[in-house]
Amino acid sequence: MTDDVIRFGVSMNRRLLDGLDRLCRRRGYASRSEAIRDMVRERLVEQEWEGEDEVAGTITIVYDHHAVSGPDLLNEVQHRYRQLIVATMHVHLDHDNCLEVLVVKGRPAEAREVADRLVSAKGVKHGRLTTTSTGRNLA
Amino acid sequence: MTDDVIRFGVSMNRRLLDGLDRLCRRRGYASRSEAIRDMVRERLVEQEWEGEDEVAGTITIVYDHHAVSGPDLLNEVQHRYRQLIVATMHVHLDHDNCLEVLVVKGRPAEAREVADRLVSAKGVKHGRLTTTSTGRNLA
Amino acid sequence: MTDDVIRFGVSMNRRLLDGLDRLCRRRGYASRSEAIRDMVRERLVEQEWEGEDEVAGTITIVYDHHAVSGPDLLNEVQHRYRQLIVATMHVHLDHDNCLEVLVVKGRPAEAREVADRLVSAKGVKHGRLTTTSTGRNLA
Amino acid sequence: MTDDVIRFGVSMNRRLLDGLDRLCRRRGYASRSEAIRDMVRERLVEQEWEGEDEVAGTITIVYDHHAVSGPDLLNEVQHRYRQLIVATMHVHLDHDNCLEVLVVKGRPAEAREVADRLVSAKGVKHGRLTTTSTGRNLA
C-alpha cells in the first residue's frame, strides 16, 4: 500500500544535526521527520512543475480597480481559462487596491499561461504564480 | 500629485530591445512601458518585504484533511493570528486533498511567522508564502 | 546594425518613478536606463536557460578536502565533463574547507548535469549553479 | 565532539519515499542520507545569509570589455573592497565578452554591497551574487 509508513536511518554530524534542530525550533516543526518530509516535498513539487502532469497553483494579483482596463479584461481572461480556474477570492485592500487570488489546476504550461495573461494585464500592479501540488503524489 | 504620469527616455541597443520586444509578446504585455513598469514593481515589492511597513501576501497550503492534526490545529493557528488574516478560501482538490489560500496583511516578519506555523503543521503537505504588496506604494 | 542605440519613451506614475530612483541610488546605478537594461537582461537570461542554445554559468562548491571522496571524485567528474568546463579556481577557506568555482559553457541541460554531479558528490557541503549568459545575445 | 556522526530515524510514507529515491537517482546522490544532508545545508546557508556572521559567496559578472567604463571601474571597485575579495578568475568568452568570478568572504551586507557595485557598473551585461558558506558551520 502506498500509505505504509517506512522508517529509515539518516546519519549526520553533530554540528549539522544541531543546525537542523535549530531550524525545527525556529520554524515550529514538531519533529525532524516532519521538517525533512517538508524539504523532500518541496523538491518534488519543483519537479512536478517541470513535467506535464496536472499540478495545482495559485495566482495572486494586486490591482487598482480604477486603472484596470475594465475588470472586464480580468474577467475575460478568467472566462477564457475557466477550465483551469477552480475558484477565486477577492479582497478589498483599501479604497483603490484589490487583491485577487485564483486557484488553478492543470498542466504546468497552461497554468503559466493564465498567470502571464493576468500579470501582464494593464492595471495589474503586481502578480505572481505560486506553484504547489494537487497533493496526489505527495504522501 | 503622485498620480502624474511622467515620460522619460530609455536607451537600449537594438539587440537588447529586440529581446525586450520578444519578451513582451511572449508574456502578453501591451507595451514596453507596461513590461518595464512590471519589472520595477517586482523589485520594489522585494524591497518592501525587507522593510518594516505593512505588506500583503498569500499563504497557500495543501493538506490531507484526514491527516492534518485536527483541522483544529489549522484553525487554532488562524485564530491566533486573526488580525493578520484578512480572508481565507478553501478548495477540495480531491477526496483527500484540500488547498487553502489565506490573504495576510501585516509586517513582513509577522506574515512570515504565520506562514511558518501553517507550513510546518503536521499533515500540511506543501505550503508557501507569496509576497506581494498592499499596492499603496506601487503606482 | 545590432549595435545601434535606440531611445524610446517609458511612462510611469510619479510614485513608481520615485521608487525606481530610490532603487537606482541604493544599488548604485548611474542612470534609469542602466537599471532598466539590467532588469531586461535578467529576464532574458532566465529565458536563455529555458532554451537549447549555449549558455554560460558558474558552479560554486564548498567542501572539506578531508571528507570529499577523494579529490579524485571531483577530478573525475571534471574530466568527464571537460568540454563544458572552461576554467576552475580554487580557494582555501580555512584548514579544512575549500571553495571551488567552475566556469561552464554549454547547453542548459548539460550545465545542470555537471552541477548535479558535483553538488551531490560525497563531501561537498554546499553547491550551487549560477546561471548567466555568454553575453552574445545581451547587447 | 562536533564530528561525531549521529544516526536517527526518519519516517515517511511509501509514496514520498519513492519520490525521494527518484530524486536521489536523478541528481546522482549515493544515499538518502547524503540527499537529506544537502537539503538541510541548503536551508542553513539561507539562514547564514540572514545573519551577521562571516559567509562566503561568489560574484559572477559578464561584460563586454570594450563597453565597460574602463576595466578601470571594475578594478577600482575591486580595490576598494579588496579585504572582502579573496580571489578572482577571468574567462574570455569570445572576442568581446568576458566572464569574471570573484570569491568574496565577509558579512552578508558587505558581500551584497560589492555585488551591487559590480552588477550595476556600466558595461556589465549580467551579474549575480551566489550565496554559499565558509563551511565552518556545515558539518
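So that you can tell them apart, the chains are marked A, B, C and D in the order they are listed, and the count of residues begins at 1 in each.
Throughout what follows, a contact is a pair of C-beta atoms (placed from the backbone, for glycine too) under 8 Å apart; a residue touches a chain by one contact, two chains touch by 3 or more.
Quick caveat, the model's predicted, so the values are computed rather than measured.
Between the CA-based centres of chain B and chain C the separation comes to 26 Å, rounded to the whole angstrom.
Averaged C-alpha coordinates put the centre of chain C at 9 Å from the centre of chain D. Of all residues in chain C, those that touch two or more other chains are 41, 138-139. Interchain contacts close the chains into one ring where each touches exactly two others, per the touch definition above. Contacts between chains, counted with the stated touch criterion, involve the pairs A-B, A-D, B-C, C-D. Residues of chain C that touch chain B in their complex: 1-17, 19-20, 23, 32-33, 36-37, 39-41, 43-44, 47, 137-139.
Remark: chain D residues 26-30, 34-35, 38, 41-42, 45, 56-58, 60, 62-64, 86-89, 91, 93-94, 96-97, 99, 101, 103, 105, 116-117, 119-122, 125-128, 130-136, 138-139 touch chain C in the complex.
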